[in-house]
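Below, subunit A partners subunit B and then partners subunit C, in two separate complexes.
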Partner chain A sequence: MRPILAIASTTVGEAIRRRVLLVILLIGVLFIVVAPGLGILSARSETTVLRGFMLGVTQGVSCIIAVILTVYMIPNEIERRTIYTILSKPVQRWQFLVGKYLGAVFSLLLMMAMMSAVMAFVFFLQQQSKNVGEVADLMKGPMMYFVQMCLLAAVGIFFSTFVAPLVNFFLTIGVFLLGTFFNPLFQTLQENQNTVPFVKLVAKGVNTFLPNFANYNVQNPIINPTSVIQNEGRYYLGITVYGVVYISILLIVAILIFDRREV
Partner chain B sequence: MKHRSSPILLVMLLLAILGQGFLQRKVIFPQWKRDFNPGKGKLMSSAMSPDQILAVLAGFREITAGILWVKADSFFDNGNYDAILPLIRLVTLLDPNEIDVYATGMWHIGYNFTDEEQRSDRRYLPSALALGKEGCKQNPDTYELFFEEGWLWYHKIDDDYDNAVKWFLQAQTKADMMPARKNLLGMAYQRAGEVDKSIDTYFRLYTDSEKRYEKEGAFQNHQNRDTLESNLDNMLVRSVQRGYQAMQRKDTLTGYDVNPPFDVGFSVKATVVEPRVIRFEGTWNVLPVGTRVRVVLRDADFPGAHGAELDWDAKDSVNLDPPRDQTFMQEQLFVKNRRFNKKVDMSKDPTMYPFTKDKYILEFYYNARSAPPHIQDKFGWSGEGMTDKNFLNTKIRPNGQRVVFTSLTLTKDQILRYGEWVDKAPIVKTANYAETGPDNSAGEDVILKIPSLRSGAGTK
Partner chain C sequence: MAAAIETKQLTKSYKSRQAGTINVVDHLDLHVEEGEIFGFLGPNGAGKTTTIKMLLGIIYPTSGEGFVLGKEIGDMDVHRLISYLPERPYYYEHMTGLELLKFYGSLFGITDKDKFVQLLEKVNLHRDMTKTISQYSKGMQQRVGLAQSLLNDPKLLFLDEPTGGLDPIAHREIRDLILSFRDEGRTVFISSHELSEVELICDRVAIINRGVIAAQGKLTDLLKGGRIEIVVEGVQEALLSDMKITDANVRTLPNGFMLDMPEENDPNSVIDAIRSQKGRVISVVPRRKRLEDLFVETVSSRGANS
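Right after this comes the complex of A and B.
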């Protein structure tokens, strides 16, 4: 366990020192700070747009950070040959990979926590009622986005074991878009009576095996608090378990590939 | 070195893949579909463009919707109503929880598309209702759109009031409904001919309002309680005077205001005075003002049209482009001094009245349920105090409701004054129509004196 934690902490240090990530984070925070000015765009409740925008920024910025953080992770180590010094020590390849992944997750946690804290502060100030419960409700979004980004980071790490960073960037973004997009598309295909049975079958297969990022887009009832959600806790637990299981799958496959790779 | 995968690892991998598939398909997806789906299935099926979908994917649905709605607002100010329709559709797709956009959209589609004489284009009404239905599906936990849907039936369609009742009832099940807005259900019940339910509703709401006033105080609660008390009082008196209670007891109606039924003596003549301009003249023997006779001019084969109305509720999908080749004109003929005389000019709005078909039907309809209370005092809630020796109809509306209805036919050539009608004004009229002098008298007068509320006076 110690080698994994050592690699993870080194990865967090590297991530914090990467200026490009810090700039993206800063832009995200600035957007969140100016978000209250957009309340005029709401037809009735200015908090609707405020919540929607802040959650959108948090998710978007986190997504960019997760992808940039992970696509270079393994290739950079190989290119700079730093991987040799690590693997020459009593560190297994799987430990290296898991350590790198956990480092990425901790980095994401730090950055997302910072954005969420700013978001909570701005929302609290903007609120007339100063209701802490509403702020806590808003935080459900970033919490689920964090699981979503952990899954995205796992996708990035998985691809980084066998493709170049640029290809990995587009692959990871592509999987994210597809995984976000496929739930509504799948529902439409299933409910449309004119859909060919074969297409329905393929759609069912994709919906079953593709990492489903749409599950974590829980902002709709947060932005519109009138929506009544049944078994909300069970759903959050379900998608968290789903995320953990899927991350495990991606890491296991990544370990199997990385184990066979010549470095 | 040859790597060999551990069988345990592979088994674990297989189990994990199957496990996540099970979780996704059986546990997560059904709940996601029910509670978290942003468009509740409408997003893709309504064919959004790729950039709109990307905006949605980027998590900026609400802000995109907000920007578009601000744009729509500027179109409202400029009177550019046509431009608002696609924006309404887009905003409701992007953010299906924008209740105001649904409500404004329904009102806009239902009321604002008019001709030069401010007659609504009723071909849009099914779309307005469909938009409301979609809004209700997307926002099932708030009363507003259920109320708005009921209001469209109650006020704009002004017929088939049982539909208004249906939606108002659903609105009342929502916790956030404002107390004063609940009162309209009592009125809708009356117009649907459900007198007992109207009384029950007023009584229930009165009891609730009294409790609310005792608990919370506040002027509006006091005012609402007084309004309900007055409504209940009126309703009880009317139900007696109009003979409703006697009918329920199966007593004779002798001495009640609705007895004997009064012959309204309806007759009509329609003259095509110019191409696409028709003058309607006719008689209605009720002296007090407040009578509106509905006239409909429509294609003979207009889909879903019957008995001076359309099958308004036929659509579930919102189509903001009504059929451009179909004609459906609806107007009210106001009676004054027992006659009506109105020129309906359809020449300035060829898109609303295209007249592409060969045959047209003119329908005339009067329904006591839509009448003002002082007329209902004589005619009753379902027309029991009204008759017409030529045109009384108990079939075109459900439950034997007594209405006045007749229809005439016109051809395209007659309406457009083509062919033989170039120099000759086409006239169609009911067999009983008689020309009258300038004083509007047509022989012997039989004048209906409407009894005042609680007067107990006779009817003739």
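Right after this comes the complex of A and C.
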């Protein structure tokens, strides 16, 4: 366990010093801070739009950070030969990979926590009612995004064991977009009584195969204005378990590939 | 003595578009004894780094086998007893020297801060241990690399071109450190093409060219065949040729003669004989065979890679 944690914390140390990531994070924070002053907010649905906008910024920025963070993770270690000294120590390849992944997760946690704190603060300030419960409700969004980004990071690490960073960048973003926009579509296809059995099967396959990123977007009142969840706690638990299982599978396959690979 | 490293027909091949499959390391039989400094020499692209990476389990052999400290390569237990300094290494630049040792130490489960400081003292970096690696010079980076390679008190060290790109003073410091490793009973496997240095510190060497071993053995054996040249005046040529030294030549010089004989012969007996005939010895010059000569001989006879 110690090697894994050492590798993870070193990864965090590197990530929080990466200028690209910090600049992106800063831009995100900036957008959140100026959000209440933007003209896009109509008086009537003010909080709804503000919430949607801030959550959207948080999600978008987190997504870009997660992708940039993970697509270079393994290739950089190989290119700079830092991996050689590490693997010549009693460190198994799976430990290295898991350490790297956890490092990405901790880095995301740090950066997302910071953005969310700013968001909570800004939201609280412009609120007329100063209702803390509403702020807490808003924070469910970033919490679910965090699980979503952990899943996205696993996708990025998975691909980085066998494709080059640039290709991986588009692949991972592509999977994210597909999982966000197509999963609901296939879901509908799958559940519709009138769908041809073959299409139904395909829809089911794609649905099972693609990581379902759409699950985690329920908090955004703009994207999901009408969605009502009966049992919130259960729903969140469910999609978190789904995320963890999916991440585990991705990491196991990544390890199998990485173990055979020449570095 | 037991073998620290043993390879049997170890081979690594890569496919290339132009040349088809090439054996970068070609049926290599290496034998490194425990407790020696072993020089692994070869021109650029000979396959030195590839061999080391295979021995460390970083890349996998195409065929053949290798044993490190008696265990088949890839055995994780062995990794507790060995260490590796890659060529042109790079360390996480945001860390200080001390943090770097802490990081590598934790990979072994070592957390003893005194040990880290001691190691930094050993490589003469204790005054710079709070500077970050990005502020280190090349020589300092190489020394911190050596410090990390000593963390686990290794029995066997793989050093890939440990003095590449360093100035003469840094060379000397690293050389002294490597010699101290042998005194501490460690086996050191050095890949290098700094021949004068290897000649100074190595017990045995292997010369590899295009993945094939061209020569392997004790340095003293490989460098046999040096000669001694003695220039004399005031004696007859017959005196020299009558000595009947095997494989010796006598050449006529404007004022005398030069006797050129294998280094195994004792020059003193020759000098005594000349003096007893009232001859004068002008000079005695040993022409030792240098590692460089051997290297150029073995490598150019097969054609270097690039």
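In this section, the second predicted complex is superposed on the first by the 239 of 263 C-alpha atoms of A that agree within 3 Å, B and C clash if a C-alpha of one lies under 4 Å from a C-alpha of the other, contacts with A are read in each partner's own complex, and residues count from 1 in each chain.
We adopt the following convention: contacts are C-beta pairs under 8 Å (C-beta built on N, C-alpha and C of every residue); 3 or more make two chains touch, one makes a residue touch a chain.
Worth saying up front: this structure is predicted, and the values here are computed from it rather than measured.
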item: First, second, both or neither for A:Pro184, with subunit B first and subunit C second; value: first
item: Touched partner set for A:Ile86, first subunit B, second subunit C, both or neither; value: second
item: If touched residues of subunit A are counted for subunit B and for subunit C, the larger one; value: B
item: Partner chain in contact with A:Val202 - subunit B first, subunit C second, else both or neither; value: neither
item: Which superposed partner A:Glu262 touches (first subunit B, second subunit C, both, neither); value: second
item: First (subunit B), second (subunit C), both or neither touched by A:Leu110; value: neither
item: Contacts of A:Asn212 with subunit B and subunit C, given as first, second, both or neither; value: first
item: Interfacial residue positions of subunit A with respect to subunit C in the complex; value: 2-3, 5-7, 10, 13-14, 17, 80-82, 84-92, 262-263
item: Subunit B-touching residues of subunit A, taken from the complex the two chains share; value: 38, 40-44, 48-49, 51-53, 55-56, 59-60, 177, 180-181, 183-185, 187-188, 191-192, 204, 207-209, 212, 214-215, 217-221, 223-224, 226-232, 234-235, 238-239, 241-242, 245-246, 248-249, 252-253, 256, 259-260
item: In the complex, subunit B residues that touch subunit A; value: 3, 5, 9, 12-13, 16-17, 19-21, 23-25, 27-29, 31-39, 41, 43-45, 53, 57-63, 66-67, 69-70, 95, 97-101, 139, 141-142, 176
item: Touching residues on subunit C, where the partner in the complex is subunit A; value: 53, 56-60, 76-77, 79-80, 82-86, 88-92, 94-95, 103-104, 106-109, 145, 148, 152, 158
